[in-house]
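Heads up, there are several structures right after this.
The two complexes that follow have chain A in common; it is paired with chain B in the first and with chain C in the second.
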Partner chain A sequence: MNNFLVLGALIFAIGAYGVLTRRNVVFIFMGLEIMFSGVGITLAAFAQHIQPASALGQIFILFILTVAAAETALGLAIFLRLAKTHGTVQADKINELKG
Partner chain B sequence: MDWWLLSPEIIVATLALVLLILDFLLPAGVDRKKMGVFALIGLLAALLATLDIAGSKGQLFGGLLAVDNLSLFFKIIFILAAICVFLLAHDYLEKVPGHRGEFYWLTLTALLGMMITAASSELITIYIGIELMSLSFYPLVGCLKKNKASTEAALKYFILGSFAIAVWLYGAAILYGLTGTTDLAKIAAGLGKEAGPLMYFGLFLLLAGFGFKMGLVPFHMWVPDTYEGAPTPVTAYLAVGSKAAGFAVFLRLMFTAFPALYARWMVWLGILAVLTMTWGNIAALRQSNIKRLLAYSAIAHAGYTLIGVISFNATGAAAIMFYLFGYLFANLGAFAVVIAFANATGSEHIADYAGLRWRNPFLAFCLALCLLSLAGIPPLTGFFGKLYLFLGALERGGWLLTLVIIAAINSAISLFYYVNVIRTMYLLPPKDTGELKSSPLLNFTLVVTVAGVLLALFYFQPLIGALQANDLMSAAWLK
Partner chain C sequence: MDVLYNLSFWLLAIITVGSALMVVTLKNLSRAVIFLVIFFLGVGGFYFLMQAKFLALIQVVIYAGAVAVIFAFVIMLTPGLPGTKIRQSLNQGVALIITGLFLGSMSLLIYKQLAGAGKAAGIEKSLSLKDLGQVLFTDYLLPFELVSFVLLVALVGAVLLTARERGEGNGGLE
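What follows is the complex of A and B.
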């Protein structure tokens, strides 16, 4: 189990690193998706180890995957709108609001 | 299972789906404003249904959703907020290009998300509720399609919101792994008295996720930008609904699942509360845009409200509910004036409010009253809310006394920027002397919200009495 937990933590950390360092919003978004995968692996490892007979952990993962799909669609719609209004998807060039 | 207990959610969900289908079926040229009227009638029905089951207690879907005073009270807050938002949005939506139908059903799905969030007593359901609410709010924030600021606000809210929910999920996964359950009450049982570092790490991640939803410093970066860029009715909805939903579920999580770790998380939350109110107030001092000012004031108010969670007693929990109830009316009233002013002049700058007393005395009076309530001046609702929060903290005693003193100093600081707006409206000469018209519907909304702000004068005793009967507080571990 420990190996899978470490893998989940690593993938989560890689995703978080991508979100925090990338400048292109599409890559930031990929980082977010990687973070969700990390959570999924962690959950699967825990579910298999502590209660292999119960489906609770798997149900949690299924919900995360479903919602993440909806989130992807919404995110891409916002990026499309962004490309039309701002002409760029570079996060550091989008700075009308500050203070 | 008693389906009647679920009637508010069923009404709101049906309404949202019907409006969604109508929006697609109606030809593009048809005025969508009638959908708003339809939604208002449906919301009134949902409000009546909620009032009808007030005081009842039960579990739905085998303990996934809890029907108790806490969830019912917050449902009333959310439905009232949604009703006011529909009233505020009616004139404002003229400015939104293209289809306007999506505003109505997205507001309703966000409402459904909040209602589920406030009622959920299980981690997966909390996740679904929060995501339903957030996924409805992202497009609502960006619904001024041609507007750069609105799109940018949606982007920032979306990225930071998704990041926060990912962090929250990792915390929830750890919690599940250590206790083998996602039910809050069973987590408390599985936790025992001792907790390892991994458990504290999970709790910390959960706190970070909720801190984002409630707009606590240092998870507040999205608040000012999103509040400023979003359409003003959506900002009002976000400030009242999203935050109250965050506090409702946070209260339930901390009180139900983590009483054993109280000694540790009270310190964390204490630090967060001090940071949040101090930074919110200091940053609000230098704002020139009224929406940004209200955004930082919302951050500061999240800090005050957190004191109720830290007190960890019946008074504190009841105080949070009463405080958010008063905050709902004061905040919606303030945003109603901002909308009326922006509809007439197109400006959101505080300097342009100069001499509003002569241009429209009613608007100036309402804004002054709402801001004074936010500042916590007696005898307005905001004062009693703060008083109850402080009483709860004093009941707990110890270093919470320091917290109360810091909060009191912060309230004094906050007076500067609230009174500054009032001074601008009442003492400075207007640049443009023409009369400033506001629509009858907005005036009506203002009358309702101002009545709510003054309600405390007459009704706060029975209201607090009803709140203390809250069943969350009857749990054995709560003194």
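What follows is the complex of A and C.
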């Protein structure tokens, strides 16, 4: 179980590194997906270790997966809109709320 | 059985961490998407190892399938994005320090606090899909419906954001 937990933390850290260093919005979303996966692995490890007979942990991960997928779809739609109206894909060049 | 378990764990760990590192360091977006798919498949393998078979299936179908296709579509739809080299941020040192601190403290915590908290999770009875569905549709029915509403909002929002505005050049389809 410890191996799984450390692996989840490692994957989360890699994703966070991607989110912090990338400028392109699509890459930032990929980093976010990697972070979500790290959290999912941690949650699955705890669920299997603490209460293997309960479905609670798996249901939590199911909800996280759904919300993450919706978030990605919506975020990428916003990105397409931004690329059309601003003509840039760099996160640090987009500095106004009203398009 | 135990040897096989450990072998598959380390193999999957190498694949997953390696492809995640490729995703956050590669400069080419199209290649990064391919490595993202490999990463998602590896995470699905971990769910399978942790006796969460339904989650492994969902991971492969939704993430390696749908989400990767969304990424590919967005990259193809944005002009000038596919295949180009993209500059990285300059503050990589700061990010490395932050994530290194996080990872170090987490590993220390896990190995110190949870030392001997259990053997390497062995092969136990896995939950069947029936158990999962029974809990999901009785105790967690309200969150389930809320999540379906969130999906509906995301769907409508995505269509609203990307649809052409009225009178804004309808591609010659009058």
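Keep this in mind: the second predicted complex is superposed on the first by the 95 of 99 C-alpha atoms of A that agree within 3 Å, B and C clash if a C-alpha of one lies under 4 Å from a C-alpha of the other, contacts with A are read in each partner's own complex, and residues count from 1 in each chain.
By our rule, contacts are C-beta pairs under 8 Å (C-beta built on N, C-alpha and C of every residue); 3 or more make two chains touch, one makes a residue touch a chain.
All figures in this text were calculated on a predicted structure; none of them were measured in a lab.
Visitor: With chain A superposed, do chain B and chain C clash or fit?
Guide: Here the two partners, once superposed via chain A, fit next to each other without clashing.
Visitor: Figure out whether A:63 sits in contact with chain B (first) or chain C (second), or with both, or with neither.
Guide: Once the two structures are laid over each other on A, A:63 reaches both partners.
Visitor: Quick one: is A:15 in contact with chain B, with chain C, with both, or with neither? Answer first, second, both or neither.
Guide: Both chain B and chain C are touched by A:15.
Visitor: Should A:74 be classified as contacting the first partner (chain B), the second (chain C), both, or neither?
Guide: both
Visitor: Comparing chain C with chain B, which touches more residues belonging to chain A?
Guide: So, of the two partners, C touches more residues of chain A.
Visitor: On the A-aligned overlay, A:32 touches which partner chain: chain B = first, chain C = second, or both, or neither?
Guide: first
Visitor: Using only CA atoms and the superposition described at the top, report the least gap between chain B and chain C in Å.
Guide: Nearest C-alpha pair, chain B versus chain C: 5 Å apart.
Visitor: List the residues of chain A that touch chain B in one complex and chain C in the other.
Guide: 5, 12, 15-16, 29, 45, 47, 49, 56, 59, 63, 67, 70-71, 74, 77-79, 81
Visitor: Applying the document's contact rule, which stretches of chain C touch chain A when the two form their complex?
Guide: The touching residues are 9, 13, 16-17, 20-21, 23-24, 29, 32-33, 36, 39-40, 43, 46-47, 50-52, 54-55, 58-59, 62-63, 66-67, 70-71, 74-75, 77-79, 81, 86-89, 91-92, 94-96, 98-100, 102-103, 106-107, 110-111, 114-115, 117-118, 120-121, 124-125, 127, 131-132, 134-136, 140, 143, 147, 150-151, 153-155, 157-158, 161-162.
Visitor: Which residues of chain A touch chain C in the complex?
Guide: It is residues 1-7, 9-18, 20-24, 26-27, 29-31, 33-34, 37, 40-41, 44-45, 47-49, 52-56, 58-59, 61-63, 65-67, 69-74, 76-81, 83, 89, 92 of chain A that touch chain C.
Visitor: How about chain B: which of its residues touch chain A in the complex?
Guide: Against chain A, chain B makes touches at 123-124, 127-128, 131, 135, 138-139, 142, 145-149, 151-156, 158-159, 162-163, 166-167, 169-170, 172-174, 176-177, 180-182, 224-225, 228-229, 287, 289, 292.
Visitor: In their shared complex, at which residues does chain A touch chain B?
Guide: Chain A reaches chain B through residues 5, 8, 12, 15-16, 19, 25, 28-29, 32, 35-36, 38-39, 42-43, 45-47, 49-51, 56-57, 59-60, 63-64, 67, 70-71, 74-75, 77-79, 81-82, 85-86, 91, 94-99.
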